[in-house]
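Think of it as A, B, C and D in the order they're written, each chain with its own count starting at 1.
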Amino acid sequence: MQMSNKVSELSMLEAINETLHSEMARDERVVVLGEDVGRNGGVFRATEGLIEKFGERRVVDTPISEAAIAGSAVGLAMAGLVPVVEIQFLGFSYQAMHQIAGQIARLRYRTQSRFEPQITIRAPFGGGVRTPELHSDSLEAQFANIPGLKIVMPSTAADAKGLLTSAIRDPDPVLFLEPLRGYRGIRDLVPDEDHLVPLGQANLVKKGDDVVIISWSYQVELSKRVAESLEGEGISAAVLDLRSIVPLDIEAVTEIVSHCGRAVVVQEAPETGGFASEIIATINDECFWSLEAPVARVSGFDVPYPVGMLENLYVPDETRIHSAVLKTMESG
Amino acid sequence: MQMSNKVSELSMLEAINETLHSEMARDERVVVLGEDVGRNGGVFRATEGLIEKFGERRVVDTPISEAAIAGSAVGLAMAGLVPVVEIQFLGFSYQAMHQIAGQIARLRYRTQSRFEPQITIRAPFGGGVRTPELHSDSLEAQFANIPGLKIVMPSTAADAKGLLTSAIRDPDPVLFLEPLRGYRGIRDLVPDEDHLVPLGQANLVKKGDDVVIISWSYQVELSKRVAESLEGEGISAAVLDLRSIVPLDIEAVTEIVSHCGRAVVVQEAPETGGFASEIIATINDECFWSLEAPVARVSGFDVPYPVGMLENLYVPDETRIHSAVLKTMESG
Amino acid sequence: MPKPDDKQLQMILEDMVIARTQAGRLWNLQRQGQVGTIAPIDGHEAAIVGAVHALETESDWVLPQYREPLGLRRYGAEVLDTFMLYNLGHPAGGHIPEPIKVAPSQISLGASIPHAVGLAWGMSLKDEPGVVLVFFGDGASSEGDFYEAGNLAGVLKAPVILFCINNQWAISTPTHLQTAADSFSSKAEAFGIPGVTVDGNDPAAVYEAVFNARKRATSGKGPTLIEATVYRLGAHTTADDPTRYVPSDDLSAAQEKDPVHTLTQDLKNRNLWNDTKQNEVETAALERLDEAFERAKNTPLLPNSLMDHCFVSDTSRQLRQRSMLMDSMGNANE
Amino acid sequence: MPKPDDKQLQMILEDMVIARTQAGRLWNLQRQGQVGTIAPIDGHEAAIVGAVHALETESDWVLPQYREPLGLRRYGAEVLDTFMLYNLGHPAGGHIPEPIKVAPSQISLGASIPHAVGLAWGMSLKDEPGVVLVFFGDGASSEGDFYEAGNLAGVLKAPVILFCINNQWAISTPTHLQTAADSFSSKAEAFGIPGVTVDGNDPAAVYEAVFNARKRATSGKGPTLIEATVYRLGAHTTADDPTRYVPSDDLSAAQEKDPVHTLTQDLKNRNLWNDTKQNEVETAALERLDEAFERAKNTPLLPNSLMDHCFVSDTSRQLRQRSMLMDSMGNANE
């Protein structure tokens, strides 16, 4: 086995932490800022050890001011630094929306590249861990409609490393969304060495011929389990992990949907205006004629993300994905 | 002619102004707040005359604090008042996103109706008038993915009156989006008397058999013109004006798409994650089998809303809608 | 009479002891996995209870952040009952019943401050008596919402009390990283309103400050910003490990000034409190908490709860989602 | 030497006269429909030019709101050239070329203030010399961004100058409806930084304040908030009708203190300025503006401009959109 093939089993959280360490070591322009990212190492420990290793100048505990955190990242980038921002929970990116959508996403465009927003914004989100309000909401579709932002949503620890590395090195702004349930709930083999997964390349995590389940982030985990259990029922289900929704790997979607003729899109977000709609619209554009049945979508409901006791009803689970697949198979 | 049948030709702006006058006269709980809504009558004069008629207590010029404007509306509603908020341009609703999406939209749900957000937020938006940055952006899809908000987007002066009346009286929060180009560019006959158009009922503004053009807000105006010119080319095109995207009139969409078998969806917003995707996903859900061709979408491009000289390239125009219809007719 | 009399001090201590006692039990319930994340009140009792005792519960609103509910007993038993539902993650935990003028916890830092200003403004527009007191932390004071709303309140002369509990920490962030201002109350300067700092371990001082601010507000003179300085004696929440960042010397020093102990000692010295009373209050507090907990656990979770209360009536898509949900729950029950 | 000497005052007046002259021509161009909406500089010249003359253009950044560009001549001719492109709605109007340390106009009120703080912070992290001066209005000071960024700057001791031009109006909203604070500079209290109010009609006073703030910043002592009080002598923009709300008495009083007239008179009295000079400067200013306008009009609009500069390289969807656009433009040209 070669050096470069060495791997370690890590949780997604460990993979993220390791990546932050190695990117800060590799490029001294990288600075980390956010609430409780320093001494405390982040409320989930994603930034653990950074302040000890890289010091208070490069790892900064900010006041509780999401807009100023995102907004000052614009200035840091103008100064030639590479800010990696943590928003403590994605729901609080709303406080910074005018900076993220109104400024960061447009900086390159409005200045015709005089200023370059090499900014990564990391934020946890997603259900299943009974958090208080605004901690679990899946807002990716709202960001996807904002041109100028890349949106990356890994589903494995290895991808978390490979995609976060690419995100930090990417000259464009990247929203890097980390599933709360995956922090400790997802573990897999992560290359020890420098590991880059290019942004915008979906991953066909399971091949299949009858139907494809398309998803991203933690829902890929559930989709894989469903796809495996379907084997026993004689249904050959592929699973496509989008990895990033912007850029969207239209080619990968088209190829596998054309192959299978049937598709189910799974998201945690509310149904109306969720990113699943965009996938369906894309399929309609690109491979309508190969569809043997309407594309199914499995989503959260069109209500605010609910309190803990209702969470299990809200977040798509294996049962809901499974029955959507069966229904799709019966259709047409 | 009966009293109740009297109509006047008004611009959309005049219809909005008249409605604000009549709703404030009708219900003393209605208060109007926002930047420059008082003495100046609003930068477009939508609130003209209100402060003179209803006084400084009910028509309030606020500091330039969109978050506090939207946030204080929550408190006003808790006090039993009916705030009608103006955000000077929709792009600046980003500054209030945490209040609109995080608080207003959830107030009823999180308090199980102890508090009721009878709040209307009016904001102009949309292209074609060479405004500075962030004045023209079509953000409706971003709001549509936020459960708990209704989103109303009139295309005629009469609807502006009928829908704004319904919005103000609706116990749920309504985002009422006014197309800049329509303020003076749209004129039609508006009932003088109380006029209510229920939220969530689309309007089939033109019947047709071959293809339906689905749109909302100012794009309906363009779609109508295209549909009329298509008659001369032997194509019978229907035009469906959604009027509100939440609630969405799924039945009306289904009915006309099933009838025509072909559809084109037109929006000003960027393509990726725009509300057109949701319409296509809805068609996929509801009437896939009646489609004779993939649904076409005509959109802005996936770049930030551009500066004045590029606007005409960006905003869908009659030519683009027209060629999308022709392409759809040729397909399949 | 801005100072609380002895009777009031006894009632204040009683509420403080109850809050402290119930917080302990709640912590244990969380450790047993019986309730969700808890933000302990320890160290904040005098500030919260002292403030609330200076209000008129019939006319004055309280908008809490999230650490306060156990200290709001004066507003009625329903506050605790609802709080226990909230701690279970029950949807009814957000509905404190009428006519209690208390809002549910606010997780989004600072977001309630403009609500408070709007509510106070609305009350004055309707010529209703009363004021609004909104609680928030030193950390929350860094949010734009605090500043925008404070500035708006100043312009409107809204009858609102902006009550900042400076417990020296925002999770792991100490106040010197939160602001370079001399004090949190000095931020009032930016709004053109009075700002006062009080010792939040001294309930009488807090009472007095709120009493005066209330008087100012109800006489049309507008808002006041009060900073009550305390020390967070416990963890930020049950999910936090404060030993990572709280210097143990600072903590010990703060424990010396524990507001519950201090007032207990004071009233004992003056024969206004004794161990028997203490035991009675503690026992009753635990019984009351357990009762509220049992009641909460037995509050049925209606299957409709997920879809209800988004809008007054469902959109057609929500109707379809609702029936899909009912079907799948029906299936699950079979 | 914090006071500008006579030579500097002459250069300041020259820049002020140029700004005023060009603003007049720009207004006319707008009225002829030749350029987009304009926010006139009239009344703000001393504040802007005085501030800019106290900066080191090689090391110090200026982040304008939208009223300032004509006053930034000291930063190089390219500022005007780019501004004219901006006024035409040309995409190159957002790109002030390297190495000029001026950002393009900011329409989103207050949004540049955190940028300024971050930029200043970044410069200090990189041990680069220089400061950042960000312009914003009395109205913009009510945005959360101002407060959050001011507070952050205080904590970080960032070398930034927060320069508030209080021109008494935010469109139609007078300052007493904008804030109840004693002054805009008193908001500095909330950030723990110094705040000073200067007469913005007096360029020497402005120069001195910025000079001192700059010294403070470069010596590591952190930010300063400067409020320059002026009066908006013109309309908010070409789209505004100030006669609806500006009391004519106030306006006449302000016209008496017109900063351009005042300094002209002053320097004339001291034989540092005369009508010949005035005419020369005005004529050259108009020529320069016309030249910049012509150049802007002749700057080709590349068909790729719509799609370029969103990302460094297109997504596949953008590629498809780009070719669709090219096709349709090809068709349109046929």
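The working rule: a contact is a pair of C-beta atoms (placed from the backbone, for glycine too) under 8 Å apart; a residue touches a chain by one contact, two chains touch by 3 or more.
Computed from a predicted structure; not experimentally measured.
Contact tally for B-C versus A-C: the pair with more C-beta pairs in contact is B-C. Farthest from subunit B, judged by the mean position of CA atoms in each chain, is C.
Subunit A and subunit B, compared by their mean Cα positions, are separated by 31 Å. Centroids of subunit B and subunit C (each the mean of its C-alpha atoms) stand 39 Å apart. Chain centres here are Cα averages; for subunit A and subunit C they lie 35 Å apart. Separating the CA-averaged centres of subunit C and subunit D is a span of 44 Å. Residues of subunit A found to touch two or more other chains are 62-63, 65, 67-68, 91-92, 95, 98, 102, 109-110, 133-134, 147-148, 246, 248, 272, 301-304. Counting partner chains per residue, subunit C has residues 91, 94, 108, 142-145, 148, 151, 155, 177-179, 310, 315, 317 touching two or more of them.
Residue ranges of subunit C in contact with subunit A, taken from their complex: 36-37, 66, 86, 88-91, 93-94, 107-110, 139-140, 142-145, 170-173, 177-179, 239-240, 244-245, 301, 305-307, 310, 315, 317-318, 321, 325, 328-329, 332. Looking at the complex, you find that subunit C touches subunit D at residues 142-148, 151, 154-155, 157, 176-182, 186-187, 189-193, 222.
Remark: subunit B residues 31, 57-58, 60, 62-63, 65, 67-68, 70-81, 83, 98-99, 102-103, 108-115, 147-148, 150, 171-172, 200, 246-251 touch subunit C in the complex. Across the complex, subunit A is touched by residues 91-92, 94-95, 97-98, 101-102, 105-106, 109-110, 133-134, 139, 141-142, 144-148, 246, 248, 269-270, 272-278, 280-281, 284-285, 288-289, 291, 293-295, 297, 301-304, 332 of subunit B.
Contact residues on subunit A toward subunit C in their complex (touch as defined above): 35-36, 38-41, 43, 61-68, 91-92, 95, 130-135, 271-272, 301-304, 306-311, 313-314, 319-320, 323.
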